[in-house]
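Quick one: the structure is below, and I'll ask about it shortly.
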Amino acid sequence: MTYPDIQAGPSYGSFRLTRVGVRGVKKPVRIRRPGTTGTLVPTINAFVDLPAQQRGSHMSRNVEIINEIVDESVREPVSGLEVLCGAISRKLLDRHEYATYAEVDMCADYFLERESPTKKRSLESYKIVARAKAERIDGIPVTKLIGVIVNGMTACPCAMETAREILMQKYPEGKEILQKIPVVTHNQRNKTTLMIEVPEKYEVEANDLIDIVESSVSSPTFEILKRGDEGEIVLRAHMNPKFVEDVVRDILRKILEKYRTFPDTTLVTVRSEAEESIHKHNAFAEMSTRLGEIRKGE
Amino acid sequence: MTYPDIQAGPSYGSFRLTRVGVRGVKKPVRIRRPGTTGTLVPTINAFVDLPAQQRGSHMSRNVEIINEIVDESVREPVSGLEVLCGAISRKLLDRHEYATYAEVDMCADYFLERESPTKKRSLESYKIVARAKAERIDGIPVTKLIGVIVNGMTACPCAMETAREILMQKYPEGKEILQKIPVVTHNQRNKTTLMIEVPEKYEVEANDLIDIVESSVSSPTFEILKRGDEGEIVLRAHMNPKFVEDVVRDILRKILEKYRTFPDTTLVTVRSEAEESIHKHNAFAEMSTRLGEIRKGE
Amino acid sequence: MTYPDIQAGPSYGSFRLTRVGVRGVKKPVRIRRPGTTGTLVPTINAFVDLPAQQRGSHMSRNVEIINEIVDESVREPVSGLEVLCGAISRKLLDRHEYATYAEVDMCADYFLERESPTKKRSLESYKIVARAKAERIDGIPVTKLIGVIVNGMTACPCAMETAREILMQKYPEGKEILQKIPVVTHNQRNKTTLMIEVPEKYEVEANDLIDIVESSVSSPTFEILKRGDEGEIVLRAHMNPKFVEDVVRDILRKILEKYRTFPDTTLVTVRSEAEESIHKHNAFAEMSTRLGEIRKGE
Amino acid sequence: MTYPDIQAGPSYGSFRLTRVGVRGVKKPVRIRRPGTTGTLVPTINAFVDLPAQQRGSHMSRNVEIINEIVDESVREPVSGLEVLCGAISRKLLDRHEYATYAEVDMCADYFLERESPTKKRSLESYKIVARAKAERIDGIPVTKLIGVIVNGMTACPCAMETAREILMQKYPEGKEILQKIPVVTHNQRNKTTLMIEVPEKYEVEANDLIDIVESSVSSPTFEILKRGDEGEIVLRAHMNPKFVEDVVRDILRKILEKYRTFPDTTLVTVRSEAEESIHKHNAFAEMSTRLGEIRKGE
């Protein structure tokens, strides 16, 4: 039996649509990491555009393509989620012959072994995000971005200085020591996102992005901290107080350094959000631009 | 006692930041609606940009401004959330003398009385969203957008025709009647977002946007449906099957009609997401563009 | 036209069900607070049990009852959400003649004006929760609970002492002053829930519950803090370091004091969760019991 | 350097606490499934009680224990998440010598290969949940529960009959055929949770629980459905219309059948929630009891 292809029928409006597709597909994929191969379980969104004259997009093709690419990853693990996004984007254009644009993004839990100050080892959890955009224009390569979402800790530099003033007034006999030591301030859970485009013929290692973020907050966070660790981490964070603005700028500087050979057109997004311990709202800073723009500001 | 202004200090990177501010501030505001005045409780985000030479943004000013504007709304209720966003944006530029850009967005629960087919009246819940962007350039007015998020119902036109074919094969004696009646298909909860820019000297009524969306899905949804209502709603939805693509295009056509005097530069975003009853993932369609683009496609 | 009552038909299993009903109904309700009348927008869940011999519960009745009670609240504002839950519970038993049990719960945003150390006034946001359970047994009153969810700040007492030890070793010349002052520790956003049963003929004011929680964390949080405020709040919190365990126990002690005339059978639940700034996970403490149990532990 | 053990210090209230511990720890674990070994990434909560005389619980021990058990799972994969919960519970009591009670729960994404009506194979996503409770009483075994959360589809039996009445009135010539075929109704995404205790010396296979739920909704859902599949699934669902009450009772009946040798004391919870396509709220049914209770109702 053949069934009518309603989607292929004439559109009953005559408007092009920017993005049509599926959201929230979950699949385990095999990823080849430096020295190991593991499984990630991304949540996947996949879209194409839709020309004015066509009523519907064949969305089951999107899920079929995701499945095929994921199945291939079992036989031949891919090197990163952005590579997977790119491969799906290209196949979306192949299979949706009417589309001129395809977009795929993913987000997955990710783990890295970390060591606390007293050398306690533990797997820490992160998120990897990836995106690809493909256009049906000869010679235009697929745009691929890879990124990470990292949970860290920020201690507020401003409240520290105010608290120092108050303490010095209250304890004038301690003025000298109070000028030397880190004093109390509010500190909090910070969520920082760093995404960077991976230009053709270049590679970006997600672990490097995590290192960049963790070295840019007041302190990374750890699942296991024994008493000595806790004091150590708290002191480190307070000797390194940071606004969300500072976190973003530190990351930008390290990105310039690390990816100095990347072209000026490379997209970069850095977003840092502090779940303020003294407020009910969050503090937020963002820079979203191209490497060339950041280089100008250096 | 005066405290050091750490934020005003020199930036220790030298990068401009796109957006710095607060996220997740909640405040009750007084809104003057046609024929009544009520309270909405938006969740508010408010940002400015930050020049390269300054270390931090004075974020407490953002919350102070929100408070002032909200307090004024108690004495003199404003006509819409987008007006509130616009007023806060302008004040953000006034108070952050170093900023060249300000952005504010809000999202709030909203209620309208609706009538079921058998005239049962009930308050239905929606969300109102609003956004404003201001630039420190003479003569450039604040950009303001107002929008709604509406829960509706879509019935799939494609599965209906396939099911019709199967039923006609199985019940050849019923072929004639099966060609006339709406037959079974999957239907589901649909979430559609419609946002439109409100150009200078124009007005947009959120209730109209809700009407546009509710008339563009297969059927609006209702909190109270007695048995007769249920059958009626189900039949209406099935006589009006819609892909998410159809929903977006129907809305675009009505937007063109309703706001025909609005300039070509007016921003419009329509997003429809169906929480598919036969899949674990969602179907999604989006058009994000300017009125002029849509007019071309007409 | 009359339609078949499928729900009233015979159950095709023969099992009683504990709870059947609706979840996620949103309605604005009028509440009479001390000195004022305001609107809250609770999200409401409402259930009854279902006897073995009946196939379905008439869920539209649940929403009709919610509507009626809410409409009445417009004419005659009720004194609290728990009163509303109680009234709906009773009507659920009236209208579902087959039910022997009814349960209703609600959660709504709530605001109170607070004053920062430097007397800045601002509306702070909270959540009010309420629950009622009714049984169809003569002489058994409806059980009603009222509660609050409060965002506060906790500073860790343990890491503070460890950091003090490390600082005293590093700065032996500052030993004396370091023993006097609050030193650095991790502090974080804390979410504490306090619920208490309101026995027949007693009243509980939600504002009192908020006061109890805010006085039991290291410090309440504020939307607007100018520089002097910030230092002050940070110091107060560090002079009052608290584990989540301490928060729960402080609240229990104040509950005993405040509601000393309440019967031993009164249900109490206290839950405190710290969104740890040095960890990716949360710290949690809970006591859920009856007043009599807590009194024994005094 | 040794640091003060603040947690071990005297409690400054004197109240026992029901549950103290960590929430939201994420770890990849190795699980041995029938015929294969795979990785799951549960989010883990782990608590013990706290006696009145002790100020704080040593929460870092909870995370250490989780790590040890998870590390062991790499060398020797465990047979299920409930076994893991049980092992962690026991170690919590060993390591928190002051505790008399321990509780652990987990939730993880899980995948199974399924086949659509036209034999398209695809990995479908589910959630596995598990819980264990241990008491420090000789001879009392650890209570372990395993469960699943399954996304399915329900079609409403009530609206179908009402729609049938209306259609028969409108198309009297089609009365005969309309009495035979499934007619239109609202159908929607359904989320059903099934948890069952695993008594000592018994085993429960999560895949069986998924089978029980998927065979009890109107139809399972699939990630990939080609046109023929869609019509087939839609028809099957409509020939099998179900209230959430029906879903729960069908599951109860199958549980009785499948686990007929399990003792009467075995805990069972079944919860079905329909994200109604014609309403903004959800329909919900639950039975939470012991097998003995359900057996009585048979």
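Every chain is named by a letter (A, B, C and D) in the order it is written, and numbering of its residues begins at 1.
The criterion applied here is as follows: contacts are C-beta pairs under 8 Å (C-beta built on N, C-alpha and C of every residue); 3 or more make two chains touch, one makes a residue touch a chain.
These numbers come from a predicted model, not from an experiment.
**Q** Which chains lie in contact with each of chain A and chain B?
**A** C, D
**Q** Farthest from chain D by Cα centre, which chain is it? Let me know.
**A** B
**Q** Between C-D and A-D, which chain pair is linked by the larger number of C-beta contacts?
**A** Greater number of contacting C-beta pairs: C-D.
**Q** What's the distance between the Cα centroids of chain A and chain D, rounded to whole Å?
**A** It comes to 31 Å between the two C-alpha centres.
**Q** Using mean CA coordinates as chain centres, what's the gap between chain A and chain C in Å?
**A** 35
**Q** How many Å are there between the centre of chain C and the centre of chain D, using C-alpha atoms for each centre?
**A** Distance between chain centres: 26 Å.
**Q** Of all the residues in chain B, which ones touch at least 2 other chains?
**A** Each of 1, 3, 25-26, 63, 125, 158, 162, 165-166, 223, 225, 227-228, 231, 279-281 in chain B touches at least two other chains.
**Q** Residue numbers of chain B touching chain A in their complex, please.
**A** Of all residues in chain B, those touching chain A are 1, 3-4, 6-7, 11-26, 45, 47, 50, 52, 55-57, 59, 63, 157-158, 161-162, 165-166, 169, 243-246, 248-250, 252-253, 273, 279-289, 294, 297-298.
**Q** Hey, which residues of chain B end up touching chain D in the complex?
**A** Per the stated touch rule, the residues are 124-125, 151, 153, 155-156, 158-159, 162-163, 165-167, 171, 173-174, 176-178, 180-189, 219, 221-223, 225, 227-228, 230-235, 237-238, 275-281.
**Q** Can you list the chain B residues touching chain C in their complex?
**A** Per the touch definition, chain B meets chain C at residues 1, 3, 5, 25-28, 38-39, 41, 60, 63-64, 67, 109, 111, 122-123, 125, 223-228, 231.
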